[in-house]
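The two complexes that follow have subunit A in common; it is paired with subunit B in the first and with subunit C in the second.
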Partner chain A sequence: MEKVDCIIVGGGLAGLSAAYGLASEGLEVIVIERGDYSGAKNVTGGRLYVSPIRDLYPELWKAAPFERPVTREFVTLMGDGAHTTIELASERFATPAYQSYTVLRARFDQWFADQVMEKGGMVITKNRVDDLLLEGGKVIGIRAGGDDIGADVTIIAEGVLGLLSSKAGLREEPRPQDHALGYKEIIELPPGVIQDRWHLNEGEGAAHLFMGGVTRGLMGGGFLYTNKDSISLGIVVGMEAMRQAPDKVDSYTLLDEFKELPQIKPLVEGGTIVEYSAHAIAEGGIAKVPKLYGDGYLLAGDTAGLSLNALVTVRGMDFAIASGYYAARAVIDAKERDDFTAASLAQYEQSLRSSFVLKDLETARYIPHTIENPRLFTHYPQAVSNLMEQVFTIGPGPSKKLSSTVMGGVRKDFLNLQTLKELYAMRKI
Partner chain B sequence: MNILVFVKTNPDLQMIRIKDRQPVMEAIPYKVGDLEKNAVEAAIQLRDAAGGGTITAVCLAEANRRAKETLKEVLAMGADEAVLVTEPALEVADQAAVALVLAKAAEKTGYDLLLFGEGSTDNYTGQVGPRVAEILGVPQIGYARKITGTEGGVQVERSMDEHIEVLEAPFPVAVTVVSEINEPRIPSLMNIMKAGKKPLAEYSLADLGLDATSVVAQKAILSNLAEEQDRKHIMFDGDPAAQAEAFVNALLKEGVLGR
Partner chain C sequence: MNIEAKLGLDVFKIDKERHITIDVETCNRVCVNKACLYVCPANLYEIDDQGNNTVNYEGCLECGTCLISCDHRALEWHYPRGEYGVQYRMG
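And then the complex of A and B:
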């Protein structure tokens, strides 16, 4: 059996990041990717937070094919008849080094794969790994298309569904309860139009999230990110919420309705749909992170459940890249010790625990449970919008004092037992 | 038996969108042309049937095309060696210039059999094979649907419009193949891994005794526009069966169906 230092299953961000680290240190590494090219099967909203990972591969990000740095944040709370948009224009966000960028994965991942190959790593596309090779509970390599290839360590970065790792019993089968469905359209618009619609300077980008009114009250929301000459417009909706919804609705119907909303229509006006894509998103949080290592293997990226929906910030790609980085470090050190047992590879999980990856997931431990509350997507956006509407209303008769208007709204929609209980529960997030 | 098989990196046509009647080429993946894969497969079958010989894949790299990866794919299929000619001046080369460079590469490498696809997946001018044969003064056989090795040469079945022509030729000879000749193999993972270790020579124009002046295009493309057609805006009413029938009838009338 042919043998290499490390086989990486999956040429997405986690796999490529691991490969880049390993190839940079001269290890013989093979990435096996099922798609026609890296990025072919990947979907992001999407925005990549670079700040957390900037120091991991500092040389890489300078030349990366990002779309636009995000300098403006928009959050729209959608109610019936009124919606409230918060627009944050931060000078800090608009000053390099930028904290986050919009990205398109087809372009970004292909570029990343090129960087891996430049370092001497091998990225083999259009090939599917059929099985992990196990020997006495130890992963000793992979089987693909009838070929067996051995490796000291196999890094499994096969994506959110984790088919191989589940089949081999290295993690639990994914459950719909812990996942959301994300899907989006890429709509082409001229750069000038994008900059006008989101109040951007040339080259700058916006992130725009929508809560309430988008998913018929199901757990989820809408998103919009500006790319160079297109926007990514989509919806994230909880799989379990979709399954349990009393009125069944197709996912694409939600997106069609979203685009027809009076708040959205002018934003996409004149655009051409050039792409449609969908993907599962792990939203189980830290509680659903499986054991990340064992004899001869590591789990990284989405396969390891490393993603986080914290309502106004949605992350996963930075975790994927960081987990790939720490996986590579662990393999390099294990090779130095010539010890690829679980005990030796445990270093990987320790690194993740002392890095932002598992710390941020731990901080957000109670978020997945909290956002299961449908009132977050119905009552609250509506209540805020109603209150704002009253504040700005001048009717035919005399107006109330501003403070009375505000207090009236607050008393009506927020100072009731259920809301107080919910707000109290939210202290944990 | 020394087989040279010429491969071109073609843009993945399925990934190309038309915008303002022009193809959008940004971030388009490149791959080995379909007919070139047939040529490579034919070369492998000939070599294996003969029980020996060397297959050298020759590629001319134009701007931005992932020529090395293309060649690795061909090596993974089963070619033994690869030759890559790179030169910035080639960006503007036309078929005549490409043929000249390939002919010089063939001379440098040595050959018995020259194999080409009948045409490339992108432009399909079908010129390069015949031009190379002409420059080298080698007989050429087009539209090959079957190639069999003979003592010191090949027997070729040519796919003609209404009949099949069978020719025999001694080496050296150039053959261009059509898609019906074979089903190109998909390289296995192990062969892809091994391909990285096979020899890959890189030549510049100077290595072939050429310079930038020898590859100046003799022709210029003035306009190349995608076909444009107005939408018909026909609405079909009635029950689904009636709608379907009216729709099919309209397609028949337009000549879209039933040609």
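And then the complex of A and C:
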């Protein structure tokens, strides 16, 4: 059996990041990717938070094919007949170095794969890894298309479904309680139109999230990100929420309904749909992170459950890149010791624990349960818009004092036992 | 735009070997929820004239939602072989 230092299953962000780190240090690394090219199978929202990972590969980001830096944040709370949009224009966000950028994965991942190859790493596309090779509980390599390739360490970065790793018993099979479905359209629009609609200077970008009234009360919401000459418009909806819904909804119709809403229609007006895509999202949080290493292997990115759905921000790409980085460091050090046992590779988990990856997941420990509450997706967005509507209403007859309008709305929708209980639950997040 | 037309925008390289196989007997015998019929973002599951569950695997977006949501492990689901299946141009 042919043997290399490291095999990486999956040429997504986690896998490519690991490969880049290893190839930069001269290790022999092969990435195996099933798509025609890296990114061909990958879907994100998406915005990549660069600030947490900037220093890991400082040289990489300068020439990266980002779409737009996100300089403006929009959140729309959707109610029936009224909605409230909060627009955050922060000078800090609009000043380099930018904290986050929108990306399209087919472009971004292909570019990343090119960087790996420039460093001497091998990225083999159009090949599916069919199995992990195990010997007495140790992963010793992979099987692909009838060929076996051995490796000192196999980094498993096969994405959210974790088919090979769960088959090999290295993690649990994915459960609907811990996953959401995300899907979107790419809608082409001229750059000038995008800039006008989201109040942007040339080249700047926006992230726009929609809560309430989008997923028929099911856990989820809508997202919109501006790319160079298109927008990514999509829906995230909890799998268990769909399964438990008393009135079953065909998932794909939610996006069509969303686009027909009077709040959304003018935003997509005149655009041309050019692609439709879907992907699962891991949102079990830290409680669902499996054992990250063992004899001869490491799990990285979504396969390791390293993603976070915090209502207005989904993060997974920065975690994927960081976990790839730390996986590479662990393999480089293990190679120096010439010891690829679990004990030697345990360094990987330690470095993730002292980095933002597991720290941020730990901070967010209680988010997954808190956001299961359907009232977050129905009652509150509606209540905010009701209140704002009252504040701005001048009806016939004398108006009430502003303070009593506000207090009336607050008392009705926010000062009750249910809300206090929910606030209490939220203190943990 | 209807869902078939949306799928028509995507690039698919279709394998003659199917990557999703349904254990129809299980669907018929034990499944009440039939989640696959409504969770699929490509609307590929359908009950045929004989009352059996079918999936048009050729339009699959490979999201795995049907696999994760099936109550009864009635799906044999793996990724298409390398070179086949959906190939996103944007992603």
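To be clear about the criterion, the second predicted complex is superposed on the first by the 429 of 429 C-alpha atoms of A that agree within 3 Å, B and C clash if a C-alpha of one lies under 4 Å from a C-alpha of the other, contacts with A are read in each partner's own complex, and residues count from 1 in each chain.
In the analysis below, a contact is a pair of C-beta atoms (placed from the backbone, for glycine too) under 8 Å apart; a residue touches a chain by one contact, two chains touch by 3 or more.
Since the structure is predicted, the reported quantities are computational estimates derived from the model, not experimental observations.
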First (subunit B), second (subunit C), both or neither touched by A:E2: first
Contacts of A:S251 with subunit B and subunit C, given as first, second, both or neither: second
Touching partner for A:I149 - first (subunit B), second (subunit C), both, neither: first
First (subunit B), second (subunit C), both or neither touched by A:R47: neither
First, second, both or neither for A:K335, with subunit B first and subunit C second: neither
Touched partner set for A:H379, first subunit B, second subunit C, both or neither: neither
Subunit B versus subunit C as contact partner of A:M122, first or second or both or neither: first
Between subunit B and subunit C, more extensive residue contact with subunit A: C
Which superposed partner A:I30 touches (first subunit B, second subunit C, both, neither): first
Footprint overlap on subunit A, where subunit B in one structure and subunit C in the other make contact: 36-37, 106-107, 126-127, 144-145, 274
Partner subunit C, residues of subunit A touching it in the complex: 34-37, 39-44, 104-109, 125-128, 144-145, 160-161, 163, 174-176, 179, 181, 183, 185-186, 230, 239, 242-243, 248-252, 273-280
Touching residues (chain side subunit B, partner subunit A) in the complex: 12, 17, 27, 29, 186, 188-190, 192-193, 196
Residue numbers on subunit C that touch subunit A, as the complex places them: 1, 3, 6-7, 9-10, 13, 33, 35, 38-43, 61-65, 67-69, 78-83, 85-91
Complex contact set, residues of subunit A against subunit B: 2, 30, 32, 36-37, 106-107, 110, 122, 124, 126-127, 144-147, 149, 274
